[in-house]
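One chain, subunit A, links the two complexes that follow: it is found with subunit B in the first and with subunit C in the second.
Now for the complex of A and B:
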């Protein structure tokens, strides 16, 4: 039995927007810790890990661990029926054949109730070890989204170089080349926009821009994004929310020298 | 008194006074209205309109049923009492129609009359006379058309159109008016006598494609799309379709980085 009440429905709507473009079906794993989701995209080069911690809900109750197999497009269609200010309550029985959603609008005393049919999904969970990355860049999420979008005009892939001076995004394609460099700054006045770099070692990696642009669908969820990189391991793009996170992993492109 | 309405055959209210037939219509605003009558208030807001009604319209359907026409026989000749007599249970007040002034004259307009003796007049509805009378009615109304403001308004849309169109519109409007007092079968028979080539041209030029065409078009879509769609691909969102195009050359799968959990 799961019962989770979310004060701001907009959060769940945004989360769905952020993952439904990457994966089709996924299990929402509900436990007393919260609601988690882990899934790979169709070509298995990217992975998304979502966690909505129990303290983000009021109240949250989950007696026994449940896996709710959901078609994300269907779920986001139902969530479109919810207003941004609606309080959303998720409920599911232990049999878990439907997920019932209740949208409460306090302004006009409207209560909408929807039920989503669930499905059985075979999911393989990957164990993701805690890694110490060689370079971690923290920056404005809007800035990151803009850079990815801009460079996509030039090429399908971007080279990210991190040094202690700053981080450089460079793309080269048929029509020309472009690069955006952000200098490390500890701008105290504009904490939201500051670019912070923690560096063990300089890194230079290539990534698919189409995937990065896809990840930036999560931009509305957090004003900050962190990019964690080590050579030869997947890039971690993390958006931290108040009670939880959404993490994207993307395999680097190897053997492509731009 | 209740009589069958000539157009629908359903009961409607009529009044006979001083040998004239009147149609009664009630304008009712569902109890939301009341009237001031002098210094008092009449709470029932319904308004009864009583207007003169040409008895011939009333007679046509009655005669039509009473003559009992069959494909082989032209039907019966009947006396006044036979036509409106007590044989009609549903509308007992029908016999009052015999009190109408000049009822014989009205009947003669649309009936074949046989009078073997002055006291023994018999009548039978005659289709040709009905049509003749209806057409005459049409002509009278068409000629008086301009004097009736409500009718002139009904063809206001033709003001900028050529004269031929306009006169057709007048005929059409009158036809509608008369058909409103006829049963469907008579109305179709009457309208068969009138064609509106100019108006038809106008309509075909200005009319939007009819609903049936829309139906066909969407029907085709319904037939074709699901089949092709289903065969093609499972559902993918926009973002996924974009990613499907992305080159993953040189990228290792996630499983090569992260071990599967037992």
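Now for the complex of A and C:
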């Protein structure tokens, strides 16, 4: 059985916000290591890999690995009933077909209990190879969100060029074109906003903005985001949390004018 | 015995230099090596003092042969100590090598393991009685003790039975076993052989059998033409030779379908004890090591040389047993896949120059020059048999086929394949090669299900006069995906479509709408049970399993308690659309992983 108690319920709410647009149903794979989720979107273009490590919960208990098939929209609806300061406890029996959620508010002694029906989800797990990326850009997550949103006005896709000077996001569409360049700047006072580039080789890749914008729903989870790229392999967008991560993989667009 | 291990260059890897030296030694000896036929084996040991290699080791083994088993432990120790004393690199090799049967040593001793250096073609032959006698005695002694018991063998371990005495009965058994063993491992053959013999104990019974039955029993062995040739052969032998296979290999090869030079040799020598030589892959492995034949074993001339050597080596007393001993050694001891490492230990440092067979000054043109890698193994028997170095990669044909599993509520539609070609005369689901379709439609690709299903519908109309779409109401069809089956030379992908048709379709006559070139194929509607019992090739069986799997998952979809979500058609459609505007999908990068 699973029992996991999360001190800051807001975290779970934010996680759900970050994935529910992209995928509708997914298995939460619970093991003694923590709670993980891996799912592709319907079109198999993007993949979400989520990990909430056991040490993020207090207490965390999972005797046997189990997969909880969940409709993410339903789960997020239930989570909306939880306050941001609530302590959330997740419970499931090994054979149960419901996930029970308990929201406790310590201020006004309010306890609410919900049960969510589970589903059998036939999901295929993908083996993601360990890749050494040619370019890794670490930047402010808010900055990344803003760039994606701004460029979406112009086009469906963005070309990302990484050189040792900086990273350039460029979009070209019917109404015109636009580009945002961030220079590598390790020395700014605010570490949070620095753009850091580790580069083996210059890369230039095209990605769908629609998906990138979707990924930036995870912005509230982390102040920093890392974009890892190599030619002709999927982009990895990673948001690191205190005890875990949320990673998005996005297949590149191929054959667009470079 | 220790002499075999204490050679001049103890502890050092045999080098090219050493080999050349040895080659020179032969030349010097050439003049005084005219002795042959009458000289007993001890000639070899007598001469050992002047040869710079220890050929007497072999003679010694031969002399001690009756005690071979008893001597083994003692020899093992000597090998180990010897190896330990000498080069460290040999230690692992020689321990491993000790696992090899005694005979491996024997072959190693007799082997003339040199590639470099010029030599006459006769170098590869057995020209003296003494040299032949050694091999005969050694191999037969080994074989009598170590041979595998096989249902078709009558040997030291399996004496002749009463029923074997019927004329031609042994020949029939050997024939069936040899045909079955072509391209197939002995272990696989045994159960098939037993079933076969239980079903058709005599050649007359086989001749009277139905070819469908024969194919069914053969199912799983592959190369189905072998079964039909056996069947045809049995009928011919019954008619023309009164049911007894001839004991003349030449006649056998000429008259009986499916019997080649090798099989003919095997049948007459094993069954009638007629001295006839035979060469197959196993024999080549043994002979090439015994006579250091360094030519490419794929070339006809080299194979021809092996035949000549095999003829030299015929044993007149026990030709059958000797031939089987040769094959057995090739099959059991010299297993190429595992040999290299293991055998190095067994055969290290044993460059025995057996130069009793001295030839003319003519140069051997067959042996290939030594290669870089072989140079390292110089002096080891394991370098034989050799293959030409640069070989074009095996060409593999990739054929793609549309398969339709037509089904009514009670039966499946099966079509008989043409009598020639791949899987001749076997039953399968209606299947059409994509290249035929592509030629007809003049399109280069049939990649989508829609294209495939439309083209296979047209094929059914043309070939069987069966328009599944027009003549059937409530038709259901599904794309089931594809299965692959590997034939020895063809990789075939079956794209499978499932079609549920109305019951009445079954009763329709096969009518030709257009006249196909090859005539109407036979068709049959089989129930699930009949299908299970029919002789259908493995590839089609996979197709059937795919269908069963789909049906099962379909049932659980509707019958399950909780909602089940899988990869749905809508998702696939979307993938298509996305990929059109250049968007790749993750499946091109990440492979699904088993849970």
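Brief remarks on what is shown
Heads up, the rule we're going with is that the second predicted complex is superposed on the first by the 256 of 258 C-alpha atoms of A that agree within 3 Å, B and C clash if a C-alpha of one lies under 4 Å from a C-alpha of the other, contacts with A are read in each partner's own complex, and residues count from 1 in each chain.
Here is the rule we go by: a contact is a pair of C-beta atoms (placed from the backbone, for glycine too) under 8 Å apart; a residue touches a chain by one contact, two chains touch by 3 or more.
This one's a predicted model, so the numbers in the text were calculated from it and none came from an experiment.
Taken together in the superposed arrangement on subunit A, subunit B and subunit C clash. With both structures placed on the common chain, the touch criterion links A:44 to subunit B and to subunit C.
Within the superposed three-chain model, A:233 lies in touch with subunit B and with subunit C [touch as defined at top].
Of the two partner chains, neither subunit B nor subunit C is touched by A:201. Looking at the shared chain after the overlay, A:251 reaches both subunit B and subunit C.
Applying the stated contact rule after C-alpha superposition, one finds that A:97 touches subunit C and leaves subunit B untouched. By the touch criterion defined above, A:217 reaches subunit B but does not reach subunit C. In the superposed model, A:127 lies in contact with both subunit B and subunit C.
Of the two partner chains, subunit C is the only one that A:119 touches; subunit B does not reach it. In the superposition on chain A, A:21 makes contact with subunit B only, not with subunit C.
Shared contact residues on subunit A (touching subunit B in one structure, subunit C in the other): 40, 42-47, 124-129, 206, 208, 233-234, 249, 251-256.
The residues of subunit A lying in touch with subunit B in their complex are 20-24, 40-47, 71-73, 124-129, 156, 206, 208, 210-211, 214, 217, 233-234, 249-256.
Only residues 234-240, 242-261 of subunit B touch subunit A when the two sit together in their complex. Looking at the complex, you find that subunit C touches subunit A at residues 560-567, 570-571, 574-575, 578, 581-593, 595. Interface residues of subunit A facing subunit C in the complex, by the touch rule stated above, are 25, 40, 42-47, 69, 97, 117-122, 124-129, 206, 208, 233-234, 249, 251-256.
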